[in-house]
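Chain naming follows the written order as A, B, C, D and E, and within any one chain the residues start at number 1.
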Amino acid sequence: MGKDIREDIAWAQINKDVLKSLENPKKLYWVILLIAIAMVGVAVGCEIYQYQTGMGVSNKSNSHVWSLYIATFIFWIGMSHSGTLLSAILHLMHADWRKPIYRFAEAMTTFSLMTAGLFVLVHLGRLWMVYYVMPYPNERWVWPNFQSPLVWDMFAIATYLSSSVIFLYVGMIPDLAICRDNIHAGWRKKLYTVLSLGWEGTDRQWRNFRITYLTIACFLIPLAVSVHSIVASDFAMSNMPGWHVTSFPPYFVAGALYSGCAAIITLFVILRYVFKFEEYMTLPIMRKLVRLTFAIAMVWTYLNLIEFSSVWYGHDQTAKDQLIFKATGPYAPYFWAMIFFGSILPLLLAFKRFQTHLPLLFVVSIFLNVGMWLERWMIIGPSFAHGHYPWTWDHDQWPSLVQWGIVFGSFGWFTLLFMVFCKVFPSVSMYEVKEMVYHRTLALKNKPAVKGEH
Amino acid sequence: MSQRHLLALFNDFDEAVAAISELRAANIKGFDFDDLILKSPIEHPEVETVLGDRPIKVQWFTLAGACMGGLLAFTLVASAQANFFSQIKAGKPIVPLPPDFVLTYEMFILGGVFITILGFLICAGLPAKRSPLYSAKVSEDQIGILVKGDEAAVTAFKAIFTKHKALEIQEEAGK
Amino acid sequence: MSITNLLQNWSDFRQQHPSDERPHQEYKWAMSIDLDLCTGCNACSVACYAENNLPAVGKEKFSHGHSHHWLRIERYWHNEDREYADQGAQFLPMMCQQCEAAPCETVCPVGATNHTADGLNSQVYNRCVGSRYCNANCPYKARYFNWYDYPTTADVWPAPMEQQLNPDVTVRGKGVMEKCTFCVQRLTVAKSNARTEGRSVHDGEVQTACQQACPTGAISFGNLIDPESRVAKQWEKQQVKLNHDKQAKDAVHDGDKLRGYRILENLRTYPSVMYLEQLREGAI
Amino acid sequence: MIENSFNRRDFLKVLGWGGATVALSGCGNTSVEDGREYVTSYVETADYIIPSIGTYFNSTCAQCDAGCGIMGRVREGRVLKLEGNPDSPINSGKMCGLGQAGVQAHYNPDRVREPLLRNGDKGEAITWEKALQLVSEKVASANPGSVAFLTGGVSGHVKVLLKNYLDAIGSDQHYVYEAVAPSVVRAANKKAYGVEMPRLRLDRAKVVVSFGADFLGTWVSPVHFSRQYAKFRKGVNGERGVLVQVESKMTITGANADRWLAIRPGTEGILALGLVNALSAAGLTVPAEVAAAVKDYTLDRVSNDTGVSVEHIGKLTALLKDRSPSLVIAGGAAEGYAHGSQNAAAVALLNQVLGNVGKTVEAPASMPFPQMAPITGNRSSLQALNDSIAQDGVKVLFNCGANPIYSAPASMNMKESLKKVPFKVAFAHYMDETAMEADLVLPLNSSMEGWGTVVPEYFAEGAQLNIQQPLMEKLHPGTLGMGDVLLALLKQRRPAEYSGYEDYYAYLKNAMVAIKGALGGENEDDDVFWDSVLSQGVVKLTSSSNALVSSASAAGLQLPPPAVEDGTYPLRLIPAVTPNMRDGRHANEPWLQESPDPLTTIVWDSWVEMHPKTAAKLGVVEGDIVEVASKNGAIKGQVYVYSGIHPDVISVPLGYGHEAMGRYSKGVGANAFKILDPVFDQQTGELAMYETRVKVTKAGKRVIVVKDEGPAGGNQSGRRIALRMASGKVNLAEEV
Amino acid sequence: MYRFLRLSVLLVGLIAAVGSVAVHAAQPLTTADDLGPVVDQPIEFPHDRHAGDAAKGGMQINCMYCHTYARRSNVAGIPPLQKCIGCHRSIESVRETPRIKKLFEYWEAKKPVPWKKVHDLPDFVRFNHERHIQRFVFAQEKPVQEACGYCHGDVKTMTVARRQKPLSMGWCVSCHQKDHPVSATSTKTTHGPNDCWQCHK
């Protein structure tokens, strides 16, 4: 059991520790950044090739019209949900352990949304016509089809992206002011000066800040739920066997939270190691995080079982055929891998000794995300391969290198954005850690006797 | 009559509160209590008891924004669907309610968030020019009290601040 | 698009389709295909290639499922584990079923596919952005995507082959979804001619390319609204109702004298193509 | 319909065809694009030619010898699509896929565009004048008797000109070769009925038993038979016709049969005689002589020999006895054996015994102008040419419409044989295998560019003469019609007779007008008559027909017992004639390559079809590359396993595996013609196509078979998609 | 203190203004004499001379005398050269002018004149002249030049035709949306079709 944040830590120390993470990057940082750029380069190359040659190079087919792009799109959308969960829900519940970690979680939300958005574009057969999807008055006098779940998606994701960027930014204003006050030269100074909007921590600012932050948090929770249930409606609204399932929206939301939490664990370990944030990203926090992840994993497992059993027990033979196909057909290895990574592996998290074992958690959390990615693919791939119409079944359609290249590159893109963010903006919320320390000190002062584990 | 600003920095929040209460009670001539600004590195809702009733209006923006967003979305979407090109799609009505409600919902939130931010900027007076006196310490760990008063009141301020163990008192230079 | 319009015509805008109260006005194009006559010869399919500027994609692309046959002939066997397929095969021409409540229509983000006044499922190529959601949602998988830019692909229409292209039909570029249109270019001409003469289109005046080619005449096509049309009579005789998702005759136990049915009707797509079951002699 | 004032041949002179704006970028983000395209602009035009409206011209399909009437849709000077001519009795407005693909033969990018003279390994473009001059010289220098023509089936005025040319030079060497033709059946029919091909009335039959005749797909006149088939299925008074197909490899006709009987290869005749015997036993009146001849064909023996179950023979007997009239047809699968003539004769006997002659087997109309009647091809004619070459009897060889180097079996060694001919002229559409060997290649017009008359091989009703007329201007200025070339050659020989004709069109018009009395236009003005002929596309001729021999006789029927298995080459190869490829002459039309084979749904490749049992024995599965080796060669192909084939048999489609021809056919699949064993029908000397013995061995890795059917194959997985019910439950008479 | 209220109000106002301008600009109803490009034609055909008002030296020939296909086909078409020559053969007065000389050169060479399209809709659009002429000229009995002019502008004042109308989708719809009387005498009105496949092919 590691120690928690010290109540007597000097506030100036907090500033100093966090601001240190903004200082000149080390070699390792550049290496990671370059790798990320190279990955993005691969993806950009693939996309240019695909754009010019046609969607066919991704090796989809007429019966298999979607593939990894959509699977990865859902994956990234899902990934974005935990930032909101940690930040907004726990904020409303006054769970103060969120404070040191919510900032990077929110950044993760924003960046994974930005990654997800790219997949929508990459997926389009006529990317150059994407503006047809936007509702704006035009010389054709036509509008997009508001009945389409894809348009809902567009609205939902746009809303979610702008709201979470706002949320991230608003929550960062006091910290930006700190940066402004502590960095005295260069473009950063200007950047922070502009972005901090002249924040001085006056009582009026704090008062309005509190209510604003709370309000947006309130909005974000239903928004996050709606975003992923709308993404789920892309599938549930269709008549594809295996998609047309009532439990899809909650299943998607649970899956989203799950993969998000796993990603937070991964990034937690990385940031703690890279920026030496042991003081703030403490093991007790990790423990809470792991427990939360475990709980969500079990919810997800349950919903998965519900989905399978309702298909199995229901009378839709088509959907049942498809379930059997998933479990026994050419996709079976991936299907069972998904079950293993998604439902069996997280059982490790239930053991106390593993809950703070960082190297293990790092590995496990990555595998959980692999499992969750497989889950999305298992929704797309086998369903198309084995739909309503036996004549057009297509069991031999595997994604081409172009698809893999773009999917691979998306991780680089995310890493790139995240790395840049970490160097430009404080990835631990300084003012909230101070608040946390302050409130704990107050609590200690008032009730010195009680000193629990957390 | 010219006014001067004075910023006092405190280490201890309780002392700062005490200073404020005293400023309020002292009823110094040439000093309007409403001009007193507290600056702190973290939020101190407790201070409201001494600062008095300073209303928050952001929530009204939220309400207006959310309602406007939702209403506007529904009207726009429905009337766009009912344009000249209205085409039956999949046997559903031209203006189908479930999809429109989904969009209304999203825009309700978006409107809410945007106008809330607008409200926040308006109510918090942001973006703002830096006030005449500011110390970086305030964003670190010290509490600052910024007062504005006639020349005459400066001495009174100083007395109170010093009494409450102000670490530092800054005065507006010149003028 | 104005609010007054919305309010004034609210009940129109809330109208469900297909419904008894509001049938199609003048035309409702429909088809019936007699599977007992279909010999699987592929003439319809080739005729469709000729009429609708379909690219022959070649082996490599065909192997990746990029074929473009708007009308494909499916071949089914009914020999459950018998030594020989000794009752022959069953051929089934499958094209866009022009569903009255087409699942593809709702999901198109840009509204490129709609239900027309004539009861067709339109596809506006130039509006399409290529999200392929329509085909994902099509239970018949009757839609075909332009995975490549066929007009500029080598050996698809090398000169002078491009001169065969039908100017009445758009040549589709890459990234566009397409499908059977019931030869809408022919329908438009027929309707226009009839209109000039102040009448409506006679039965048999307009034929789809597949119907025209079919050597056994297995395909009939016409206006379901016109009670004199062959198609309307066939539908009537077979007791297949356009706007029902379960036909009354199916509930009757000795109702098996009628062989009209629609494929995957239970999905509530209300297809416009009625198939007549294949027959097999029991005496041999 | 055609205006006299307007020169018919210029009707398509439009400002380039570019004026017709071939839209290749239909889906761009374009808006209005002024001043980039040309307007369709004519110098002169007829009233009925209106831009943007298709005009239909009647002509005749040249894709096979059935002679279907077609209407070409012409717009802005381009022919866009072919449709059936409703006035043609053969196809009544319908068409097959092969016919539809005719436009792709016309617009094919691989067409020969100008005369080519061999210069080493290359062809050198020369002018027509020079080419004709050269031909004239070569013919003049050769011994008159040593000039030979090798053609496919020809008819009409081209045939007349060809005959006249040969007469003019004094040669009688005209060889007509067709790789796939029912020559044995023709010979057997001639013997049995007195005519080569009687008129078959499927529409009148209540039962049709076809011994391997793929009349719905490839046999004789498929579109016509499909029309009849539709009537046959609808039946008289709703009594649906029953189709039974007897063959070793399922054809598309077999796939539509109520009962497909997989028969041991070569035993078709035994089954036919067995049926005669069974019918006689069941009480059908059978001439004593016949009854005696077939009495050994007992049910058990027949079942044993043919592999058809006793139950099915019994049911078939009952069906034939109960439902009259019936019709029995012998086709490719019956005739393709060394005893093919006997098989066909046995089938004819069955027809006669059943009393079908005169009811469903009718006398065909005779052609009143025998000089225009089609000459049907066969393989023995090619053999004769080969022999003549071997004896140094051919100095100049004209080849038109036949591709023997591709389609003759390897054992004939055509390539080497032709090398011995000093000067070979090929009239060619594509640079196919035979044209590649020629010394002079003369490019022909497509059937959509030239004039002509065609007499169909099989008359649907009365005799008829089909008109072929240009549907558009020549695509390539360097091509010429066969008629024009022959006329030019004749002008060299018989200037007095022919120099009056400016071109073949003038000759044709003159020739037609000259016989207008017989063509039903005796009272018409020449031009009016000619215009009406052109606008109809089909001229119906008055003709007589003779009675058929209906008396049954079993004399000379000698059927061998089923063949013994060959240990080294245990399997029989059935070279399948598929509706898309036929004999391979249209393999370069991409629509046909892309059109899935009806039974296997394979595209763009050939395959080796086998029964699951055979596959299990060989240890192969779908997609395995196997080598099919006969005594005369070997080919490789991908395995396709399905149960529409007899286990003793494997089948490879014909028409693939071209070594030349063009971009869509070269190297696609394997050429099954090459490995056929030189076994011949004992009576006619025709190649017995189904007699090839092969062995199959695994050769190479597994591939994914490119086909339209998915992994579910023909299985519907319990979904109600393609439904089938017993015909007894439906009253077809009530249907619309 | 609340000066940023002003800024916000300003911002909102700006967005609203831009939006309304955008909406307004999106009304594609502008027409202008120089909307379309100048198209180089092989012969500079004087529409004003042929179709223009008599007062201005024109001969007031009906549009459909030359563009004869308009009433029975999708396209209005260009008259075959035959037709030009038919008249000009007997018009000696202009026989030697450069344009007519050129015309006869084409005729003698039997070459069609390569006229360029001036009103060229994209390839995915199907516009039917016949329907519009039938409705507006024959049923509603509008003067031909008015009916044609609605889309083609005031051609009778031009030499070589030049596009004056936007011919954009919204522009088409602006007219389709209106209620037009079904005939000259009828009070019954209908609007143009709104079905996608009516115009998109």
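Criterion: contacts are C-beta pairs under 8 Å (C-beta built on N, C-alpha and C of every residue); 3 or more make two chains touch, one makes a residue touch a chain.
If you want to know which protein each chain is, UniProt gives these names: A = Molybdopterin oxidoreductase; C = Menaquinone reductase, iron-sulfur cluster-binding subunit; E = Molybdopterin oxidoreductase subunit, predicted chaperone protein HtpG.
Everything numeric here is computed off the predicted structure, so don't read it as measured data.
**Student:** Common contacts of chain B and chain D?
**Tutor:** Joint contacts, listed by label: A, C, E.
**Student:** Please report the minimal path length, in steps, between chain D and chain E on the chain touch graph.
**Tutor:** The fewest touching-chain steps linking chain D to chain E number 1.
**Student:** Average the CA atoms of each chain to get its centre, and name the chain whose centre is farthest from that of chain C.
**Tutor:** B
**Student:** Taking each chain's centre as the mean of its Cα atoms, which chain lies farthest from chain E?
**Tutor:** Most distant chain from chain E: B.
**Student:** Write out the two chains that share the greatest number of C-beta pairs in contact.
**Tutor:** Top-ranked chain pair by contacting C-beta pairs: C-D.
**Student:** Of the chains shown, whose Cα centre falls closest to the middle of all protein Cα atoms?
**Tutor:** C
**Student:** Which whole number of Å gives the spacing of the CA centres of chain B and chain E?
**Tutor:** One centre to the other, that is 61 Å.
**Student:** Please compute the C-alpha centroid of chain C, do the same for chain E, then give the distance between them in whole Å.
**Tutor:** The computed centroid separation for chain C versus chain E comes out at 36 Å.
**Student:** Please report how many Å separate the Cα centroid of chain A (Molybdopterin oxidoreductase) from that of chain E, as a whole number.
**Tutor:** Chain centres of chain A (Molybdopterin oxidoreductase) and chain E, defined by C-alpha means, are spaced 55 Å apart.
**Student:** Rounded to the nearest whole Å, what is the centre-to-centre distance of chain A (Molybdopterin oxidoreductase) and chain B, using the mean of the C-alpha atoms as each centre?
**Tutor:** Distance between chain centres, rounded to whole Å: 31 Å.
**Student:** At which residue positions does chain D touch at least two other chains?
**Tutor:** In chain D, the residues touching two or more other chains are 21, 23, 25-29, 52-53, 704, 709, 715-716, 719, 721.
**Student:** Residues of chain C touching 2+ other chains?
**Tutor:** Correct list: 67, 72, 74, 103, 106, 108, 111, 114, 116, 122, 125-128, 170-171, 176, 264.
**Student:** Going through chain A (Molybdopterin oxidoreductase) residue by residue, note those that touch at least 2 other chains and give them in order.
**Tutor:** Chain A (Molybdopterin oxidoreductase), residues with two or more chain partners: 63, 129, 141-143, 145, 147-148, 151, 388-389, 391-392, 394.
**Student:** All pairs of touching chains, please: list them by chain label.
**Tutor:** Every touching chain pair, ordered by label, is A-B, A-C, A-D, A-E, B-C, B-E, C-D, C-E, D-E.
**Student:** Could you please specify the touching residues of chain E with respect to chain C in the complex?
**Tutor:** Result: residues 72, 122-124, 126, 128, 130-131, 134, 193, 195-198, 200-201 of chain E touch chain C.
**Student:** Sort out for me which residues of chain C touch chain B in the complex.
**Tutor:** 1-3, 5-6, 9-10, 12-18, 99-106, 108, 111, 114-116, 122, 270
**Student:** Which of the residues in chain E end up touching chain B in this complex?
**Tutor:** The contact residues of chain E facing chain B are 1-2, 4-5, 8, 173, 176-177, 191, 194-196.
**Student:** In the complex formed with chain C, which residues of chain A (Molybdopterin oxidoreductase) make contact?
**Tutor:** Residues of chain A (Molybdopterin oxidoreductase) touching chain C: 53-56, 59-66, 123-127, 129-130, 132-133, 142-145, 147-151, 154, 234, 237-240, 384, 387-389, 391-392, 394, 397.
**Student:** Under the stated contact criterion, what part of chain A (Molybdopterin oxidoreductase) meets chain E in this complex?
**Tutor:** Chain A (Molybdopterin oxidoreductase) reaches chain E through residues 136-142.
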